[in-house]
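One chain, subunit A, appears in both complexes that follow, with subunit B as partner in the first and subunit C in the second.
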Partner chain A sequence: MGTDKAISGYVQIKGGRVMYNNSLFFEMPDAEPVVFFNDIYKALNINYPKFFKMDNLCKVVFLAVEVLLKDVSLRDKYKPEETGIVFSNANSSLDTDIRYFQSSLEAPSPALFVYTLPNVAIGELCIRHGIKGETACFVFDIFDALFQAWYADTLLETCGIKACISGWADFYDGKFEAFFYLVETGSDNLSIKHNSENIDKLYNQVWKN
Partner chain B sequence: MNRVFLASDNIVSPLGLSTADNYIAVKEGKTGIALHHKTELWGDPFYASLLASLPAFENHAGYTRFERMCILSIQNALSGTSVRLDDKDTVFILSTTKGNISLLTDKPVSPQTRSRIALHSTAKTVAAYFNAVNMPLVISNACISGVLAVLLAKRLLKAGKYKHAVVTGADELSYFIMSGFRSLHAVSNEPCKPFDKKRDGITLGEGAATMILTTDESLAACPQKIAIGDGVSTNDANHISGPSRTGAELGFAVAETLKQNHLQPAQISFISAHGTATVYNDEMESKAFESAQLADVPLHSLKGHFGHTLGAAGVIESLITIYSLRDALVLPNMNYDEYGVSGKVNISRSVTKTGKHYALKTASGFGGCNASIVYSSIN
Partner chain C sequence: MEELMATLKKEIFEQLNLQHVKPEDIAYDQPLFVEGLGLDSIDALELIVLLQQKYGIKLANPAEGPKIFYSIKTMAEYITAHKKQ
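Let's turn to the complex of A and B:
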């Protein structure tokens, strides 16, 4: 098992750069997160007003996956329930939790409260890309390629999933990063096999670039 | 592929500190929901299922209330089995939505507080109490966290990654959670009435529950062994804080769950639904169960007994499901008077005998997520 599963694309947002399949998609050093995110959004040339309602964690997840899927249409290739998502991060929704909590001392903000769950980022991806398959949200102190690979494999081998968006994103106190990749079964491009060694390599390689 | 059994369990809730006490209380129609006046949680009196002071345990000083809820539940569950956490074959899985969030105050968050709130470090703190050797896993997936955590344990054990899993679901009712659900106008002013025509929102609750699972059949809890079946999760792809209008996605998860377990609807004894008692959630679930051909299967929500315990709900409700399956009983849906959903479902109104050996547990939550799993009693 596992030989026919390949990583067909990957993206990393970190240090003012957006790397897509190991080439530079967008760069803006030393920008405030909100400016950086808005400019990536503009560079993508999309029209999705919901983006501006999202909290920062959802924004960085949304943008990363927008880049990851800019040349692929999951809607065309798969049924809604054939795509899954495995998402993990370190600080859950703490950045927004603090914002919500501060609002709650005066007047609790429902618009902030709905973003005080990390899996809402998955929900935003599902709405945007029409994904209805199995999804899950985990919290680890650091990116765990071994677990991430095992869980995606499990979904692909036993849960009727044919494509899986897998990744890691964190946003806390203005610091953020995102790393996502697409795993597909029966992909023509088997250049990057789906395993934890390759995932670790991509996660670190892109960063050093 | 390995089969997975329940080895031991516990529920810490206002209804008791063991699963047996909780199960008996539920069977007798008791509820943990009461009118409270605690201004640290909310200015006006409110209905909720709140734990009274927690019993002390050895070296409990220095742990937060949330951590103590988890430790108590795990300690009680471990006392009923030879499975241990200081064993390389055992994994600890924590299911929670907000963990130590009550540590947030009006002061700026210090690095120490941030670290204490980070769910992975909370899980490590709890795991370290039991000298756990493996890194804990944390699922924080809104209100389906508990069911998903059991499903994760089942998959890890089935694949042979570990021999045993300690799955704990817990959430503490804090001002954070109370004010948030209030701000969404999702909280009822009365005890919640799942599936009833007059339902108008949730009642919040708190608790912790633990399921210890094993692939070693000789460790399966007696008298009647319980096998953990397969399960499926789906997403609505519709709205981040409102359920699907059609219930098709939960319906798909349920139908796939039956298929994976090679079951027909007629073999299901009862459904332990999510049933939060919001207008839209219960409506969605009714359509989902009808679409999955389960319109005739007795159904209840346990929220009338425990309130909505968020990350604990899936584990607490799974255990009540399992105990009633063992007892060959279907429990009623509490606080229910009048049919109030448009999908066709069979709301359970009294304690009834059943000769069937399978039960279905479902959950749905913010972010559009749904999950379902099957439990079976083995003669």
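Let's turn to the complex of A and C:
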């Protein structure tokens, strides 16, 4: 397909830092995940009580995309069916699976049970941003820029999608990272062409900083 | 009753991880769902677990749920009535 697709924004969360378009958005070194996440939430100045009910994987996904879309309203730019999501990670929902299993030894927690699937994170994004387009969730050993680019392209070219939130987020045993970008058809905000080389470059640049 | 309601409020805030509102802002007779604390269906399940875990009370008739879980006060009244049995 000939439609130009460009990355109009990207965000990374790792090592106590939140980077937005390669600029520091928030920093809190050596903080516990719960403190770090709560303080990013406060820095965003939003009011979304459901955030506090989410598991850690959903929290890091939610916050990353909240930063990614802080200056963009998908609701204003696109119809609900015109935005899609491609999300991948390595540890699925294992962190919460284990916590749920531990809770089940005494009294199984319904609030934990609802987060024992990794694609629940996609659902949280859909609710928050009014997204009703195609979505997909994958589990890989490591971030695969080639696959991520190919799948997002496929959605954009064949599923009536005009924008796609694409990325990777992992949370397991207190360790976490997130990398998301927004790809839009005809976007010229950053003039970063949507291809695996550029995605790889963006993914790796912050980890090196 | 006052002591039970205070304990219950603390337990509810802990169990439901309510961080968007302060305990002192919630009155004992204020609705827990919708216009009150804004709890949802998953929270309702957590409250059923709380009753079971902390007070050994199994909800016999789920249809009674909305009445029992209307407020901290109604929950405390239900606990008081059923712990005596």
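The rule is simple: the second predicted complex is superposed on the first by the 205 of 209 C-alpha atoms of A that agree within 3 Å, B and C clash if a C-alpha of one lies under 4 Å from a C-alpha of the other, contacts with A are read in each partner's own complex, and residues count from 1 in each chain.
Throughout what follows, a residue touches a chain if its C-beta (ideal position, glycine included) is under 8 Å from a C-beta of that chain, and two chains touch if they have at least 3 such contacts.
Note that the structure is a prediction, hence the values are computed from the model and not measured.
**Student:** For A:Asp200, select first, second, both or neither according to whether it touches subunit B, subunit C, the two together, or no partner.
**Tutor:** Neither partner.
**Student:** Between subunit B and subunit C, pick out the one touching the greater number of residues of subunit A.
**Tutor:** Counting contacted residues of subunit A, the larger count belongs to B.
**Student:** Where does A:Cys126 make contact in the superposed view: on subunit B (first), on subunit C (second), on both, or on neither?
**Tutor:** Only subunit B is touched by A:Cys126; subunit C is not.
**Student:** First (subunit B), second (subunit C), both or neither: which does A:Pro110 touch?
**Tutor:** Both subunit B and subunit C are touched by A:Pro110.
**Student:** Please indicate which partner A:Leu94 is in contact with in the superposed arrangement: first for subunit B, second for subunit C, both, or neither.
**Tutor:** first
**Student:** Once chain A of both complexes is superposed, is A:Pro49 in touch with subunit B (first), subunit C (second), both, or neither?
**Tutor:** Second partner only, subunit C.
**Student:** For A:Gly160, select first, second, both or neither according to whether it touches subunit B, subunit C, the two together, or no partner.
**Tutor:** Once the two structures are laid over each other on A, A:Gly160 reaches subunit B alone.
**Student:** Touching A:Glu27, do we find subunit B (first), subunit C (second), both, or neither?
**Tutor:** neither
**Student:** Touching subunit B and also subunit C: which subunit A residues?
**Tutor:** 108-110, 114
**Student:** For the complex, which residues does subunit B have touching subunit A?
**Tutor:** That would be residues 97-98, 101, 104, 106, 109, 114, 117-121, 123, 137-142, 148, 152, 155, 159, 161, 175-176, 179-184, 232-241, 249, 252, 256, 365-369 of subunit B.
**Student:** Quick check: in the complex, which residue numbers of subunit A touch subunit B?
**Tutor:** Per the stated touch rule, the residues are 80-81, 85, 90-92, 94, 97-98, 100-102, 104-105, 108-110, 113-114, 116-124, 126-127, 129-141, 147, 150-151, 154, 158-160, 172.
**Student:** Which residues of subunit A touch subunit C once you look at their complex with the stated criterion?
**Tutor:** Spelled out, the residues of subunit A in touch with subunit C are 38, 47, 49, 52-53, 106-111, 114.
**Student:** Can you check the complex and tell me which residues of subunit C touch subunit A?
**Tutor:** Going by the criterion above, the answer is residues 16-21, 38, 42-43, 45-46, 49, 52-53.
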